[in-house]
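One chain, chain A, links the two complexes that follow: it is found with chain B in the first and with chain C in the second.
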Partner chain A sequence: MVIVGELINASRKAMGAAIEAQDKEAIQKIAKDQFEAGADYIDVNAGIFVGQEPEYLKWLVEIVQEVVDAPCCIDSPDPKAIETALAVHKGTAMLNSISLEKERYEALLPILSGTDLKVVALCMSDDGMPETADQRLAIADKLVNGLIKSNVKVENIYVDPLVQPVSTNVTFGVEFMKAIEGIMANFKGIHTMCGLSNISFGLPNRPFLNQTFMSMSISKGLDGAIINPLDKKMMANIIAAEAIAGKDNFCMNYLTAHREERFVF
Partner chain B sequence: MVIVGELINASRKAMGAAIEAQDKEAIQKIAKDQFEAGADYIDVNAGIFVGQEPEYLKWLVEIVQEVVDAPCCIDSPDPKAIETALAVHKGTAMLNSISLEKERYEALLPILSGTDLKVVALCMSDDGMPETADQRLAIADKLVNGLIKSNVKVENIYVDPLVQPVSTNVTFGVEFMKAIEGIMANFKGIHTMCGLSNISFGLPNRPFLNQTFMSMSISKGLDGAIINPLDKKMMANIIAAEAIAGKDNFCMNYLTAHREERFVF
Partner chain C sequence: MSDLFGKMAEALIAGNIAGAQDLTKQAIDAGEEPQTILSDGLLPGMDVVGKRFKANDMFIPEVILSAKTMHAAMEILRPLLSEGDAKSAGTVIIGTVEGDLHDIGKNLVAMMLEGGGFDVVDLGTNVTPQQFVDGVKAHKPQLIGMSALLTTTMPKMELTIKALQEAGLRDQVKVMAGGAPVTQQFVDKIGGDAYGANAAAVVDIAKELTA
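== the complex of A and B ==
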């Protein structure tokens, strides 16, 4: 499972303040903590700083990679901000995210075309958010084929079918999971990705519901997630679910996590 | 989800002693506790009492149904014990279990034929335990078709694909879950059932792994389980997984469980 650490995001109040105050030490600590907890990519988002997003995003990439030997997940729809950040990025970044919305699609495709960048591909179009698995698969189809045609390798694409709250419609969990299964079956070598906390919107015990949803989605083939890797229960859940899903040879990763007392229930 | 409460089983040391001592009160308490915790069937097993199984099983059915308004799951391969127990049973019992093993199959089929009894159908044959999904589906096919031919309604059949430990073979979880999916797809109206704790044999943190496995299996269609309903974490898991799986309209069951403070994490 590819884990993107979600904490360095300016839309989180404390983080927004830390970025604005240029509190390098605090942000670097969160980068290191996420990396040590198992993040493969460190998400960086400076979206709230209108007009200053490029410089803040560049600064975030620089200070994160000063202390952590991991690529960033550059979280912006703005081509100028992305390019400024990419110019200083070491290694192969992930872009978060392209979608089928015309403006976003046309802005990001030239940046991705022919590169080795990873990319999150959101199942969203100008017609709005899809509700059924079929609607998601139709968008994924156009999006993935468009990317491939522009020389993006299928194994660099992480499709996010977009989670919607099960409290709004009882079918929303199932339709999301069917989409995961369909995407993994339709495009050999592709990945899926999601920020899953929307599933529990409007319901009590959200972390618990999110964990359960994670296990269920892993059984359908989900192999990427944008989460808080400092959430030890969630991380334990992922490790256990991957062992059961046959993705952990000899349960080595599970046994190591247990030995290192990384399990919290 | 159909829940069979597993605790009144003579092979559990304390329960075996309670049955032998005819400690009616203690056993009735466990029956009531399981029922109140959400068990749909109360499993009764007196298998360790060779020669006395029929009378003990009959007694268990009587004392359980004295205090609990629920059917029993009669847990025996012995036709004489089953018939003695059925003679006093009120309502529609479940038999646990028939399999494709010749001796067991031929002994239980006449008891089931043309009745409304529910039955657990184990994916086991005289060739031993299946390892792959295909092997399980081949056994399920023969077993289910045999039962249907003998006038057992498909909706009364609970196929148990048999869980094997993921510590023995990394594919065992996946193959089990594929079998659940296949059985639910191949026979419209059928149910699946399992005692799932084998999945975690040989690994640390077994209850946690069992819960994760339960959520994952529910996402594949599992709709029955033989468990300890007094395990509040497991019950919380089932309720959450069913909400996500679209089986809980308006999340009513989930919200009720929360309000009644039945959730333990």
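== the complex of A and C ==
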């Protein structure tokens, strides 16, 4: 499971303030904490700073990689911000995200084309948000084939089928999971990825729903997630679900996690 | 008769579609005025739903079911309401701004406003400033509700307000704005009239603005 640590995101109030105040130490601590908790990528987002996004994003990449030996997940739809951040990034970054929305697709494709960058491919088009598995698969098909044609390797693509709240339509959970299964079956070597907290919007006891949704999605083949890695219960849940789904040879990760007391809350 | 109206409100709160329809028919058969059935039976029920939703005592699936129940009861009642006595709380034009396709929050807000007795004209998603302007000209609403779920589309809210000013319509409508990245500060800055933090808050805000 590829874990993208989601905490360095300017739309979270405290983080937005920390970025604006250029509070390097606080942000670096969160980067380190996420890395130590198991994040493979550290998401960086400065989306709220209209006009200053490129310089803030670049600064975030620099200060994160000063203290953490991990790539960043560059979270922006703006090609200028992405390129400014990539210029200082060490290693192979992930871009979050391309979609089938014309403007976004055309802005990001040239940046990705022929590179080894990882990319989150969000199942959204100018026709609106997909609701069914079939609508998601139709968008995924166009997106993935378009990326492959532009010399992006299939194993560098992380399709996000788009999570929608089950509170507003009770089929949204199952349609998402069918899409995960379909995408993993249709494209050999591809990955799937999602931020999953949307599933529980509008309902009480959200962490419980989020964790259960994660387990169920892992059973359908989900192998990437944008989450808060400091959430010990969620991380433990992922480790357990992967062992049960047959993704953890000889249950080694599970047992390592046990010895490291990751199941002690 | 107040007993019948009380039961009607209860059916709405419980999301009992068949029950609410049956009670509406009973009230009609008993000779109640359609307007009274609406204002003393159905709307007080939705008012409770709105209050409990706001207090985190009812949740979105339950509120959706109550709204569907209200809708089903209104199907029976609406043909009997004459133009004159169907007193609407006001007309609201609602939409997600240009470049933004998120509709879940916008739909919830529309549903809450309808439940609160407002006439809602839903312009959908990806609504341009000009479409908002045209909507105001066509429907003469008291209120506009704009939604944006992306930091990249929030500036369209400001452009929409500017377009209303340029069209000379800004004084005729109050502008409400909401969506995950939107804040009170932002709405103040762009010259909006009200910020709504969630769908539960919107009916009170709309009533205050039209009072």
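The rule we apply is simple: the second predicted complex is superposed on the first by the 263 of 265 C-alpha atoms of A that agree within 3 Å, B and C clash if a C-alpha of one lies under 4 Å from a C-alpha of the other, contacts with A are read in each partner's own complex, and residues count from 1 in each chain.
One rule holds for everything that comes next: contacts are C-beta pairs under 8 Å (C-beta built on N, C-alpha and C of every residue); 3 or more make two chains touch, one makes a residue touch a chain.
No experiment lies behind these values; they were computed from the predicted model shown.
Check whether A:180 is in contact with chain B, with chain C, with both or with neither, and answer first, second, both or neither.
Neither partner.
Let me test your reading of the model: by the given contact rule, A:8 touches which partner, first (chain B), second (chain C), both or neither?
neither
Which partner does A:48 contact after superposing on A: first (chain B), second (chain C), both, neither?
second
After the superposition on A, what does A:203 contact: first (chain B), second (chain C), both or neither?
In the superposition, A:203 contacts both chain B and chain C.
Now for A:93: first (chain B), second (chain C), both, or neither, which partner does it touch?
After superposition on chain A, A:93 lies in contact with neither partner.
Determine, for the superposed model, which of the two partners chain B and chain C contacts more residues of chain A.
B
Just chain B (first), just chain C (second), both, or neither: which does A:170 touch?
Once the two structures are laid over each other on A, A:170 reaches both partners.
First (chain B), second (chain C), both or neither: which does A:77 touch?
Once the two structures are laid over each other on A, A:77 reaches chain C alone.
Which residues of chain A are in contact with chain B in one complex and with chain C in the other?
The answer is residues 167, 170, 203-204 of chain A.
Can you tell me which positions in chain C touch chain A when the two form their complex?
56, 59-61, 64, 99, 101-104, 107-108, 125-126, 151-152, 155, 180-181
Which residues of chain B touch chain A in the complex?
Going through chain B, the ones touching chain A are 166-167, 170-171, 173-174, 177, 199, 203-205, 208-209, 212-213, 215-220, 236-237, 240-241, 243-246, 248-251, 254-255, 258, 263, 265.
Mind pulling up the chain A residues that touch chain C in the complex?
Listed in rising order, the residues are 11, 47-48, 50, 77-78, 101, 103, 124, 126, 128-129, 164-165, 167-168, 170, 201-204.
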